[in-house]
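Next come the structures, one after another.
Each of the two complexes below includes chain A, the first together with chain B, the second together with chain C.
On to the complex of A and B.
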């Protein structure tokens, strides 16, 4: 691939991402609903267990698990909309004719990754303040969140393309996505636990698994995008 | 396939008898519980083999768009689920004897349960798409995507956390820790279950093909009737 075509590819991916962001900014309801869901789930968790509702030795594993459960379910309300929105607004055909499926998928995954980071930006400070969450290795936690979120965004975007035209797509998305992202979630929980306890070296194994998952999922999604998105 | 059927009946009978009578129970296990290895592991192997078949035929479908490939892929997933559920049942029996509980969320048994969910979702996905061509294409894409992520579920996730599960055949030492009779029955069972899967797959594929022909025939008669009326 020449430098010019690489730049052109990046520009087209960015155009899809910017289009989705512009649409969401025009009608903020969907994004705000996702962020509101995250905040509500966080408030509910905080109300149920509070900062001192758990024994100190039980806190790190439970907090790590709750953190990713909230992130996953908040993401599951917003990320599948990537392709559903195109079908609902009747713009899917135009997008299909304009760009190759792989670039559409990449642009939408990039937008979804941004949305995931926005959810994490709401959940992380909330966890720190409301649940007295102590993170011994913040950089490691950031690496786990970014790598876990990237994989979650890619898989969710790809599955959104598969389920966008199916019946009962909202229920179907969760049914299809949960078993596929569970290895990622389990590994991310393990990495988050290591980060909260301060063992940056303990987090290295989960981080490597997350990076491998991200790479494999991205390559598979890229190779299958055309078949998933064709009419 | 008739020859395979005729071969499998005596062969599997001998394997089942040998599994109970020939090798001595392994050390470190309660009573005769270690004999479950001759059924549990072949079920898990056959289930994985079925999912690999589904992926191979899904790839073939995407390349050639032949509905027969899609039918074989769907049949392989159904059989994979059947053997996957048998894996869970036999594993649960072993757990009840060894650990005193039918289910304890051990990473390895949980990951296998999720593998069953992963392919149950394939069937849900198929059921949710009415158009046959789109259903076949989307199901093929999902089967390929799932098979690529399957190793994370089966091989990686259980190894990130501690497990009570006995050492697997694929172990860190890279050796098969079995005596000769155990090894003979074990590999015999693997071959027998694989043969059973191939025979069942041929039956499922034939049934699906006959159903499609009957459906196409009905559609043909209906459209011919419509043409006559107009």
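On to the complex of A and C.
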């Protein structure tokens, strides 16, 4: 691929991402649903277990698991809409007529990744304040969140393309997503736990697994995008 | 050789069925410069056929090839060489008409200057005031005009129009006639309509016979000389 065509491809992907962001900023359907879920889950969690409901040594594993459960379900509220909205509103045909499935998927995954980071930007301070979350290695935690969020965004976006035209798309999405996302979430929880305990070296193994997962998920999504998106 | 006028679309033994029910079989023709009319009663598969030609649906059997100077086009070249507008085409309701066209130009890797976009919208009769309104606020006729602008957005040598006169007033119909005439002068137009008057002067036509009756044979495409 020449530099010019790479720039052009990046610009096309960015156009899809920017379009999705513009639409979302105007109707705020996904943003409000996602942020409402994240805020509710945070409030309930802090009320139920709070900073003082558990012994300090018991908190990190539970906090790491709850952190990713909230991130996952908050993301699951908004991420699958990437392609579903195009099918429901009838705009999918115009998109198919304009650019290949792989570029549409890349643009939408990029937008979903931005949405995930926005969710994390709300959830992380909430955890720090409401659950007295102590993070010994913040940079490591950031790396785990970014790499875990990227994989989650790519897989969710691809599955959204795959299930967008199915009759029972919501059920199908959850059924297909569960086995694909479970290894990612378990690894992310492990990396988060290591980051909160301060063992940057302990986090290296889960971080490498997350990066490998991101690579494999991106390649698979790229190769299968046409089959999932085209007729 | 004129590369625009030398672009041709050929359909070979096309068949399409949904859930085992055949819509049409054995449709073959070649479309190049000029107007090709697609006629047939409701349910005969005109819209389905046009979507297959536009690359939006896969045929159950047969194939569609778009060629330019003897070279078969694929990928983006194939996608953008054939403009399409049909009743199923919807653009983004939260975006204005201008934003919609700008997005699709950028997404296709084309420049998207405001002057060019506005000229395209004015070319289909959308006023400067209208193009800055969200598409959700457009009337049926305005949406139809926007669909027409979308079909021509990449200056394709082949234009596929499915019921382009639908929902338009007199001036809108005149604009469609002008668009069809311009496209015929540049390359080819494939036009489907339920109204014979819409393609009275077509160079060629395909008649889709209609949906098969129980136990009967499926519809066939005929291409009278």
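The definition used in the following text is that the second predicted complex is superposed on the first by the 231 of 231 C-alpha atoms of A that agree within 3 Å, B and C clash if a C-alpha of one lies under 4 Å from a C-alpha of the other, contacts with A are read in each partner's own complex, and residues count from 1 in each chain.
Definition applied: a contact is a pair of C-beta atoms (placed from the backbone, for glycine too) under 8 Å apart; a residue touches a chain by one contact, two chains touch by 3 or more.
Since the structure is predicted, the reported quantities are computational estimates derived from the model, not experimental observations.
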item	value
Chain B versus chain C as contact partner of A:183, first or second or both or neither	first
Which superposed partner A:206 touches (first chain B, second chain C, both, neither)	first
Touching partner for A:175 - first (chain B), second (chain C), both, neither	first
Contacts of A:19 with chain B and chain C, given as first, second, both or neither	second
Superposed model, chain A: greater residue contact from chain B or chain C	B
Touched partner set for A:166, first chain B, second chain C, both or neither	first
Touched partner set for A:40, first chain B, second chain C, both or neither	neither
Partner chain in contact with A:89 - chain B first, chain C second, else both or neither	second
Overlap of chain C and chain B interfaces on chain A (superposed complexes)	230
Complex contacts: residues of chain A adjacent to chain C	8-9, 11-12, 15-16, 18-19, 22-23, 26-27, 89-91, 93-100, 103, 107, 230-231
Residues of chain A that touch chain B when the two form their complex	155, 158, 162-163, 165-169, 172, 175-176, 178-180, 182-184, 186-187, 190, 205-206, 209, 212-213, 216-217, 220-221, 224, 227-228, 230
Sites on chain B touched by chain A in the complex	62, 111, 114-115, 117-118, 121, 124-125, 128-130, 134, 137-138, 140-142, 144-146, 148-149, 152-153, 156-157, 160-161
Parts of chain C lying in touch with chain A, wherever the complex brings them together	51, 54-58, 75-76, 79-80, 84, 86, 88-95, 99, 103-104, 106-109, 150
